[in-house]
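Provided herewith is a single structure, encoded as structure tokens, for subsequent inquiry.
Labels for the chains are A, B, C and D, by order of writing; each one numbers its residues from 1.
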Amino acid sequence: MKSKIINDPVHGFISLPQGILLDIIEHPYFQRLRRIAQVSLTHYVYPGAIHTRFHHALGAMHLMDQALSSLRAKGVDISDEEFLAAKQAILLHDIGHGPFSHTLENSLIGVSHEQLSIFFMEKLNEEFGGALDLAIRIFKNEYPRPFLHQLISGQLDMDRMDYLSRDSYFTGVYEGVIGYDRLIKMLDVREDELVVEEKGIYSIEKFLMARRLMYWQVYLHKTVLASELMLIRVLQRAGALGRAGALKSHSGALSVFLEREITAKDFEENRDEWLDAFSRLDDVDVLYALKQFAREEDFLLSFLSSSILSRKLFKLRFSQEPFSKEEIHRQVQKTARRFDLPEEQAAELVFSGVESNEEYNIKAGEIKILFKSGEILPFSESLGYEIQHRLIKKYYLCVPKG
Amino acid sequence: MKSKIINDPVHGFISLPQGILLDIIEHPYFQRLRRIAQVSLTHYVYPGAIHTRFHHALGAMHLMDQALSSLRAKGVDISDEEFLAAKQAILLHDIGHGPFSHTLENSLIGVSHEQLSIFFMEKLNEEFGGALDLAIRIFKNEYPRPFLHQLISGQLDMDRMDYLSRDSYFTGVYEGVIGYDRLIKMLDVREDELVVEEKGIYSIEKFLMARRLMYWQVYLHKTVLASELMLIRVLQRAGALGRAGALKSHSGALSVFLEREITAKDFEENRDEWLDAFSRLDDVDVLYALKQFAREEDFLLSFLSSSILSRKLFKLRFSQEPFSKEEIHRQVQKTARRFDLPEEQAAELVFSGVESNEEYNIKAGEIKILFKSGEILPFSESLGYEIQHRLIKKYYLCVPKG
Amino acid sequence: MKSKIINDPVHGFISLPQGILLDIIEHPYFQRLRRIAQVSLTHYVYPGAIHTRFHHALGAMHLMDQALSSLRAKGVDISDEEFLAAKQAILLHDIGHGPFSHTLENSLIGVSHEQLSIFFMEKLNEEFGGALDLAIRIFKNEYPRPFLHQLISGQLDMDRMDYLSRDSYFTGVYEGVIGYDRLIKMLDVREDELVVEEKGIYSIEKFLMARRLMYWQVYLHKTVLASELMLIRVLQRAGALGRAGALKSHSGALSVFLEREITAKDFEENRDEWLDAFSRLDDVDVLYALKQFAREEDFLLSFLSSSILSRKLFKLRFSQEPFSKEEIHRQVQKTARRFDLPEEQAAELVFSGVESNEEYNIKAGEIKILFKSGEILPFSESLGYEIQHRLIKKYYLCVPKG
Amino acid sequence: MKSKIINDPVHGFISLPQGILLDIIEHPYFQRLRRIAQVSLTHYVYPGAIHTRFHHALGAMHLMDQALSSLRAKGVDISDEEFLAAKQAILLHDIGHGPFSHTLENSLIGVSHEQLSIFFMEKLNEEFGGALDLAIRIFKNEYPRPFLHQLISGQLDMDRMDYLSRDSYFTGVYEGVIGYDRLIKMLDVREDELVVEEKGIYSIEKFLMARRLMYWQVYLHKTVLASELMLIRVLQRAGALGRAGALKSHSGALSVFLEREITAKDFEENRDEWLDAFSRLDDVDVLYALKQFAREEDFLLSFLSSSILSRKLFKLRFSQEPFSKEEIHRQVQKTARRFDLPEEQAAELVFSGVESNEEYNIKAGEIKILFKSGEILPFSESLGYEIQHRLIKKYYLCVPKG
């Protein structure tokens, strides 16, 4: 059978056999992921981090192939249908992401990207004559063999393994390198649940720590977070202005989402229309809008937009305690004075909130360790010392510089 | 002195001391390079290749720092002014690039990117009160110590060393990895000209071959070339329609360049105005325009635009002989029939031409080898066997698929 | 000035300027380190791990150069004499290692390798006319600027940074990769003590964890530990037989150490003679002896020697609790029956004991963190959560297989 | 099925299933390869290059597994017996190497290592009850499907792919990195002969050049060559003295080969005895002998031995023309005067000869290129330009320094 080979600097060569997987990839819905950055505006801190959701989806599918092949070699019974469906599901797991990943979810659209992914899968399933039935069941965790879902979404899923490796490669932050091949070789299945062989314990520890370090060095880096808060505020402001009919500039596929907030109900009532509108959206529209917004009259909109474009990013401080109302109000007053704004508007330039990350979340379901004796224990009881959850909360306060 | 550190996955950490270099980087002209892809649409073949001119410029500056430091350690006299100016010059060497690098030069703008770089440098020099005087002289090769210019633009310049390394890293085509650090350590200066120590001969050979292989595997890859030809044709068509007043869609900063062709004369007569217009342009405008064009009525424009966006790329064949007029005409007729177009229009969907690459171009000025005896010989006479120029011409014919 | 360049796959190019450093490297004492494995018999588990103390010493010196250069660039005052002395000291820090690193210390020689390193340095200092005076003071921590000693021997010294990187590279266990360049760039000095900039906290965590993982995956790997216990027992047995005049085979430079146990007192009384004898010893002598011992009549000696040579390694079990006397005795009895040996002799084939490792040892002196405010806090109080010492003890029991 | 996993820093994880392959690896004949350096004394120039024949053999077997799996996936019919036999054959292809690889062949033993490999295979085949029958036929090229032999020994065999990658990794000379995975994916089979897909042409060029550069930068590096010439001369001299009964020192397993020259005839007449003697020999014996020889009375023997041990290596010059008899004689006279030796003996310290390397050897059988059209052409006619053989001869003259 003919197949395409794609050069992936992270995993080497990715094979794409002719058939449904290649058909999915060639579909405009999927090609659109080429224009959606994997890590939003992170390139403002790590200039190499301009990789796309498209690339990540291919990589995760490749790791799924490796994991399933390794499991089969260990004697786990996986049918050809299951094998293919798991690859389809992970290929499509992020298809519902909008521009700059989570930005729109937090500003203009009242539907989660996971829900949007399911809408897209169902639409594609209709186009492909039911070829995605099993993939959708696995994705929704409705299939009776849970390990297949766990490989897509779980404590040790192929999604995380790909994005940690990939984000490390493109940022140059090697703290995130995780040796996924070793970890994958340690996976096994017992009673249709994913387990990890005893000798993989150190690799799990490394993986959990790598993930935690990537959170603080990359995903929640002060400047990255500041840029994302600014971008969300731009879209909120543009939405408010748009709904009030006060936007002059043209912004293509984004316009419809600036005119009114779209909710889950809209999608349920009229899935195809809204999915079509959403599928036209990508980072290009938002970036183009920023360039237009920078020339709008509204001060908040133009100030935020031009600040993002020329990388005049706000200053963000972290604290282990919440910032007091007084402190936040002082910043609002200071901002009001500086820009000669009413406090109500100045408050839109002061962001406060909290971010948290937990190294190992027991409640999310434990990683299971398979001992040589055949015994299976939760990870937290397999270490020989007490596990540290390291739930860390960081409160932030973010204001214009200078 | 305070300095910023940037994480570059290719070269490790890049130090940016406070001062003029950081001021240049923070200037909107330079920040704009964040939105200009280094290798145009190459990501359609190598999905990781979405790195930017911004990143390349920083990397080339870093290598310049390493090269000058190494030369100083060997006793080459380089003043602090020369050191800084050479870094400024290479930092700005690509500042004149438009969207998708060479695309606009070949369609809408009658000025080369090198000339535009000089315009930008002169404008910045005015803003920075003459701080770029020496950098501009070096860039134009008007400074009496030629090795400084040779490090920016020559057979073994820091530009090439950076882009070969970087393009390899992001494409995953390891044929382009060149071990630049060894090569840089082999550089020396005699009578103000760059020379390479005898023991660096193998590294030069590796470098020349790596460059040749990158040409054929990446820069002139069939599918990459096809996508670029299509993009140039889109802009030519949009320009023709625009000048005829037949474009409906709005395309922001690009609009002005669609209304009339801008020439060198325009820039000379009214540099600041045109530079300002040009400086507003980046990849976002072209991508956004493609999305708009895809909905225009003009068949050629919308067909080409939507084909690019959904990656329905034309088929390109290479040949060692020129394609005959008859063959080209046959393809035009076939295309006319297929799309039900007059031949005149069908001809706009058939691209033919020639690309060439020479592994070692003696006429461009030979690399000079410094032997232990003190003797200096041209590279071509230093090898112990005859050099192979490998001037290769490939004729291409590119047509819609199917 | 002329200099040699050495190609190090771990750190790239290492520059060796003419002068005292190169003279030290060319000295037979130092060349002997080429024949001393860095990680003993670890190659029985990780076949690539055959790198030498020679290579490690060069690497550590290279990192010292980088660290001192970075500190100087931050304004720390370091004289040329101090710079050179610190490089000399780290270059020689392991010069006192005998064959298979710690093996002889645990069997035939009653002097630690650190003490032997000092003897060697003092001897070389005499040969080089006092050129190592300052290096020796720094090495002994008798110089009033402690950060220089801390870079050689401390929680974040260049020794550890080199060996973790190097052992990872040659074993292929990427859990030990530590991004030392970032960590080195974060070092600073306050009141002549080493501190780490606040933003380096994550890198420290990564470093500590990498070190811990390397302990359990490599240095204390079950099979590695078993092979080292066997090798120590071989030498103990050979020593006992040798002192009793019951060894037939010839074993070159090792012979003198088999005839009587050498103590610190011997070295003090007759340093030059014993140093000369010791300096003739390297891994070759021990390996050769193993090949001879395998043909000796004494069962224990020949059985252990041939088992090591043909990699028939003993089986080792870890436990979080000490093994009971009864359990150990059972193993001795079993071994006695199996090999038809008196229990007294069988006991020499049963090894039990304990190994431990602590991720972060507060008592050894805390890492100091320098905050942007100028405040300096111990690492354990800088994290925002309680530190985990992870002092782990593992008891082992090791017996012949089968 | 249970399997062992070995961590190879070059190729990642190597799987070793239980069975005949693991039995071979555990055999003392094979374990002996742990004590045979892959690239002799190359570590005197590249300190990392201390990897072993053992490691190389595992790596080559791993690449064979990948190549055969890839061919099967393309539809090439390969039976399980052929698959296993090809892996056995490449695992054992170097089993006949003596200490320091080619050194003994050039001094004490009149049998090639290829012939010795066959002796070892036949002996093992007896032990394993005929399980190596097919492997031996393939190794000798007596099996009717030549591509299996070509993968072991040919222009693009797995032996070369492994050693180029491995030697690059351990020396740090990245000129030898070849991207073997791409090349392996391009292999195919037509009429039982190995062919390379058209799009693999650049990878072949890269491979041939990498090999050539490794020859000049590593395998035939001046200092490496000098050390090997010295080592050969030591053994020749020791043999001459030994046969004359004039050696005092003991040198274990090497002794028997110093007493008389062993020829192919000896092996044929008494294979098992000589194979047994040979199988006891490894690098340890030669290194130990050097340490003993350094204390022998014979000046040539002790001078050469101690020079190697303390890395006082001879000076070697290359020339494109043969050195004249007069020049050589002058060097002999100079050496005679310097060491106060009769000319006859001084001549033993002056080495002259020639080394050559050809980038692409057409006579050895061309690489075959498979075009998309189905046509198969020799590589030299597939390039679009004339191939350069680059047969390079370098004459050398090597004398004591100073």
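The rule is simple: contacts are C-beta pairs under 8 Å (C-beta built on N, C-alpha and C of every residue); 3 or more make two chains touch, one makes a residue touch a chain.
This structure is a prediction, so every number in the text was calculated from the model and none was measured.
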Key: Selected interface, B-C versus C-D, where C-beta contact pairs are more numerous   = C-D
Key: Relative to chain A, chain with the most remote C-alpha centre   = D
Inquiry  = Just the number, please: Cα centre separation of chain A and chain C in whole Å.
reply    = 44
Message = Centroid from C-alpha atoms only, then distance chain B to chain C, rounded to Å. What do you get?
response = 50
Message = Need the CA-centroid distance for the pair chain C / chain D, whole Å please.
response = 32
Request  = Quick one: which residues in chain A touch 2 or more of the other chains?
outcome  = 12
Task = Using the touch rule from the top, collect the residues of chain A that touch chain D in their complex.
result = 5, 12-13, 181-182, 185
In the complex with chain A, residue positions of chain B that touch it = 6-10, 12, 26, 28, 31, 34-35, 43, 46-48, 50-52, 54-55, 58, 169-173, 250, 252-253, 280, 284-285, 287-288, 291-292, 309-311
Query = In the complex of these two chains, what residues of chain D are touching chain B?
reply = 174-175, 177, 179, 202-203, 205-206, 209, 213, 216-217, 320, 384-385, 388, 390, 392
